[in-house]
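Both complexes below contain chain A, partnered by chain B and then by chain C.
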Partner chain A sequence: MKNSVDPGGASSASGDALLALEGISKYYGDVRAAGGIDLKIAGGEFVTLLGPSGSGKTTLLSVIAGFTEPDEGSVILGGRDITRDPPHKRELNTVFQGYALFPHLDVTKNVAFGLRMKGVPKADRASRVEEALEMVQMSSMADRRIDNLSGGQQQRVALARALVNRPQLVLLDEPLSALDAKLRKTMQLELKRIQEESGSTFVYVTHDQEEALVMSDRIFLVHNGQIEQAGSPDDLYHCPANRFVAGFIGRNNFVPGQVEVRDGETCFVVAEDQVIQIAETGLSGSAILAVRPERLEFSDSRSEGALPAEVLRTRFLGDRVEADLRLEGGTVISLYSNGTGVENSQNVFVRFPREHCQVLPPE
Partner chain B sequence: MNSETVTRTGTRPGRSKRKARRRGTLATFAGPGFVWLLLFILIPYAGILVYSFFRTDGVDLIPAFELMNIERVFTDEVVRIVFLRTLWIALAVTALTFIFALPLAYYAAFYVRRKYLFVFLVVIPMWVSYIIRLYAWRLMLGQDGVVNKGLTGLGIIDEPLSALLFSPWAVVLTLTYVYFPFMFVSLFSVMEGLDRSQLKAAADLYASPVRRFFSVTLPLTKPGIAAGIMLVFPLTFGDYIAPSLVGGPDGQMFGNLIQNQFGTTFNYPFGSALALTLLIVVLVAIAFLERWRRVEEVKVF
Partner chain C sequence: MGKTGPGIHLLRAFALLALVFIYVPIGLVVLFSFSSAEISVWPIEGLTLDWYGELFQSERIRDAFLLSLRVAAIATVVAGILGTMLGYAAHRFAFPGKGLLQRIVLMPLVVPGIVTGIALATMFDQIELPLSPSTIILGHITFLIAVFFTTVFARLQGMGVELERSAMDLGASELRAFISVVLPNLRLTLLGSAVIAFTLSFDEIPITFFLTGTENTVPMLIYSFLRTGLTPTVNALATVSLVISLTPIILAGIVGLHIQRNRRAA
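Moving on to the complex of A and B:
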């Protein structure tokens, strides 16, 4: 299940890593939050720990920040082992899920808090706070009280409070989850801009795959306390390592069958008379074919790589029409089209384009 | 947030009717409390205000409009001494309950697993009658009390200390003991509700545990501190039972002075003037606390 051989993921993090986790394990009773996790993050990267709730991604972030002590393994930041350092001695800053701003301090004092604790002289403090507020476009709110700010503004203050310290590493724990959908979209682009402008390394935790795809240089997909796959958003979308990854990132269809070689061509056999030609694969025998709904096409005839299917229902989604189709073996798949007239119960042919068929190991 | 803006917009025709109905509901719920306040607080205080302008002839009350009682409050040497003593005793008791309750409340809020059992144990003594507890202190501090026996037994002192009992210090000690739970519960209830993620944020922003306590935990506990002081200071300032049981002649407090006017010398007008003074001191203290509690940031340390 564990996938640490992904070439894309490993190569971009090679050289001197800013942050390295080595064999991090953490158990809560019998529940495994982290089962021997290794990862390396280079300076200046925007990395996302993506996973469903309970996958262990937040535990991982908490281990990096120092709020959770791992049962095993070490955390190395800038070449120094910080596993036993308390949070206040770690050169990193966190943007918390609920922002965790100090209600008894105004915007400026919130942002200046870290500098004050570090003993930065007052004059420097003021100019750095100003600079940080400018970066998040909150200069005009410097004297506001925290409870007079909207969620989006609090979000920006929380970001400024972390960035003002110029940390090597910024951790972000689902920072956008409390915002409405539209603001979230704006903030995604905003976060990416700020990360690039500040040159900091961001480690971002989210369960929202779309957020991860939009912002990340690299994604670590976490599941059951393991990293399922690490790589660029493109890698994870187009070359998922297993069924979990293929299903978690974007929509996908799964068709069970056999990989065989017929007439010198690699084929995916769904049933005796239903054969899809596929690219060469290292797998043989039982396997799963994954095809994204937007890659499937209706076909007029039973041409190369097309399977017969019955239309179960169609849904109009504005920019596309989604059709649920039942293959002859009973597997239901969905297909996005631009809405050329298919009707319910109609018998159709579906073409599986060879270049978009991914063969994955069976469960 | 959205629903709030929706309900706030626009005036609809049914609004005044709704307002009237709301006022009716308010009267139903607040009414009994208001009647209570009127009968048992406002009217008696009005009576005291009126009495303080009366004069006496022997034990008879003569209705009049005289300022001599109020003048006496400001000029009488005994009043001045007792007032100052009462002030320092009340301040000392408030400070001591705070100093003792703060670490305990912090410990209970952050480190105790069964918090409410812990609070229950701290509060249990309050279920015993106040007077019984004072008698218990009298026994402990007395000539043959456990403190003197212990100290002589250990050879620390040769003769029992008589100053333990019947002194202002005995009053401070017993009142600190009596009002400690009030301060503790006030502090605990606020500390227990503190947002832990704000404390984590402070740690994340390089604050050591000590600095975290003074720059985040304590300022955020301010409402609890204010509530604790508001309970302990007025209760101590007005107490007359503890000084009469353990205070001795040098430990008499302002409350005893008032009690004497009503119970011994039957000088109701002077007693009323003293009671008004007490009320004003307490109200001024509460007004200050209320302002302090509302000020955004106060440098506690």
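Moving on to the complex of A and C:
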């Protein structure tokens, strides 16, 4: 299911996709929440819709679940157009941001709710609820009331309540945002395990890029109601399609300049005497060079691909030292080093390793 | 409780005074209802249940009680249904005039009862609806709706849309989601509002005054005794009214406590 840079990801799911959005648009007044979005998701995938708040990712989820009607476009689930189906007719289940567990029912009854609504016989219900609770490791809490559960436990019950229906698709709306950092880390791994064990397809919405990188098979990066890039976490991190993607996933430095070919070599020209050799690129003329802080190195001399810079300040971060440097053109960049002493205001050289330089189109 | 000083003592004294001022007259009415004397004088010379006997023998009084109970019960139920529907509509849907509705629905609580009473009496006269217990019930419903609307709307807003959405997501139609998820979570709110509504209706005079036909409610009857002269029977009547007004509040308190305790114990 891996695919390279492919905005929209339309070609990434071969043949029959489990879920397809075709030209989904949604406007709230003048605000564009979705501007003609196409995407395809195959069965068994863990897909993340990643984006800053207000990017439109939650609107997309709501369109899939049936709570928001798109202005244009179709939602296809399992080959069937469900765009006009009400939420209760859709073969999918949602884990809501606030869990939305029913406070008047205990854990078992919460989990059994969907089965009851679908008219599953009582005997089957009990065994399926048991099975679902086991999967999320909540069997011992079956008789508890909801308000006697911790946030993490509620999270697990919400997941069981969705999975018990054996839906084709599980939607998760920032389900970990209410948990503390440590529990969040544990639950990330748990979610991934449960997804693999259940064989369900997960569509996960989050603004947390780290969460997306850890769990996803594929990430759709959503921004301003559009998909900036779709691909594996590896793709998005190492081959960002544009400056937004490069800046949103992980930390990055951006240096403006020109792509030129000098003596048969592709070069990135920051200034007339500041030239960095880069790998071949389809771009020419104005461009942006992106290099991650952990890839930059201090250099002793003005050797190949090194630029002069002044140390503005350094910060001790335990496992590394972060240094802010000002290039001669005025651009400020960050560099992680293992702590070899540089001092403020010191003049240094920074080497831009050729294999880690990404050239992006200008804005 | 840590801070002590003259200020605290003063505060306690004032609080006590306020409570005395509120409850002593009520206590006196209850006491005098058992007094054997023909007029309410202190000290009480002897105790008797005669006034209660008289109360239960009087057909006028019994009818008034039954009417008051009937009016309060029907008005509460009807206002409860309408108020809940309005509150739900205002919570769930956007419709033209929603802002206006939210403001005017409280009007009957704010407008003096006399004004509402006159207005309704005039209207009933215009449409040639004769005054009867039904007109009293209609009058009470107008302001009891506001009680239910406000509390239900506030509770629904507090609940948010996720609960209901998650019910629908799990396969419940809108109606089923309302019945199996929204309504159970409104239980305490509806119970509390019903108690308030019942009590308000049972005690109501200004609106009732203009809408009463030939049959009197309890407060109207007591009021009419003012013309014929107060007998100790009025004290007994007031005491029984008090008990009837307090009963639902106490019951609701017990039920509420019970639910909370269950929740904690589970």
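Operating definition for what follows: the second predicted complex is superposed on the first by the 352 of 363 C-alpha atoms of A that agree within 3 Å, B and C clash if a C-alpha of one lies under 4 Å from a C-alpha of the other, contacts with A are read in each partner's own complex, and residues count from 1 in each chain.
Convention: a residue touches a chain if its C-beta (ideal position, glycine included) is under 8 Å from a C-beta of that chain, and two chains touch if they have at least 3 such contacts.
Please read these numbers as outputs of a predicted model, since none were measured by experiment.
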| item | value |
| --- | --- |
| Superposed partners chain B and chain C on chain A - clash or fit | clash |
| Partner chain(s) touched by A:109 [first = chain B, second = chain C, both, neither] | first |
| First, second, both or neither for A:118, with chain B first and chain C second | both |
| Which of chain B and chain C A:86 touches, first, second, both or neither | both |
| First (chain B), second (chain C), both or neither touched by A:98 | both |
| Contacts of A:144 with chain B and chain C, given as first, second, both or neither | second |
| Partner chain(s) touched by A:161 [first = chain B, second = chain C, both, neither] | both |
| First, second, both or neither for A:67, with chain B first and chain C second | both |
| Common interface positions of chain A, toward chain B and toward chain C | 65, 67, 86-88, 92-94, 96-98, 100-104, 106, 113-114, 117-118, 145, 161, 165 |
| Chain C-facing residues of chain A, complex | 65, 67, 86-88, 92-94, 96-98, 100-104, 106, 113-114, 117-118, 143-145, 147-148, 161, 165 |
| Residue ranges of chain A in contact with chain B within the complex | 65-67, 86-89, 92-94, 96-98, 100-106, 109, 113-114, 117-118, 145, 151, 161, 165 |
| In the complex with chain A, residue positions of chain B that touch it | 1, 195, 197-198, 200-209, 211-212, 215-216, 219-220, 222, 296-297 |
| Contact footprint of chain A on chain C as seen in their complex | 160, 162-163, 165-174, 176-177, 180-181, 184-185, 187, 263, 266 |
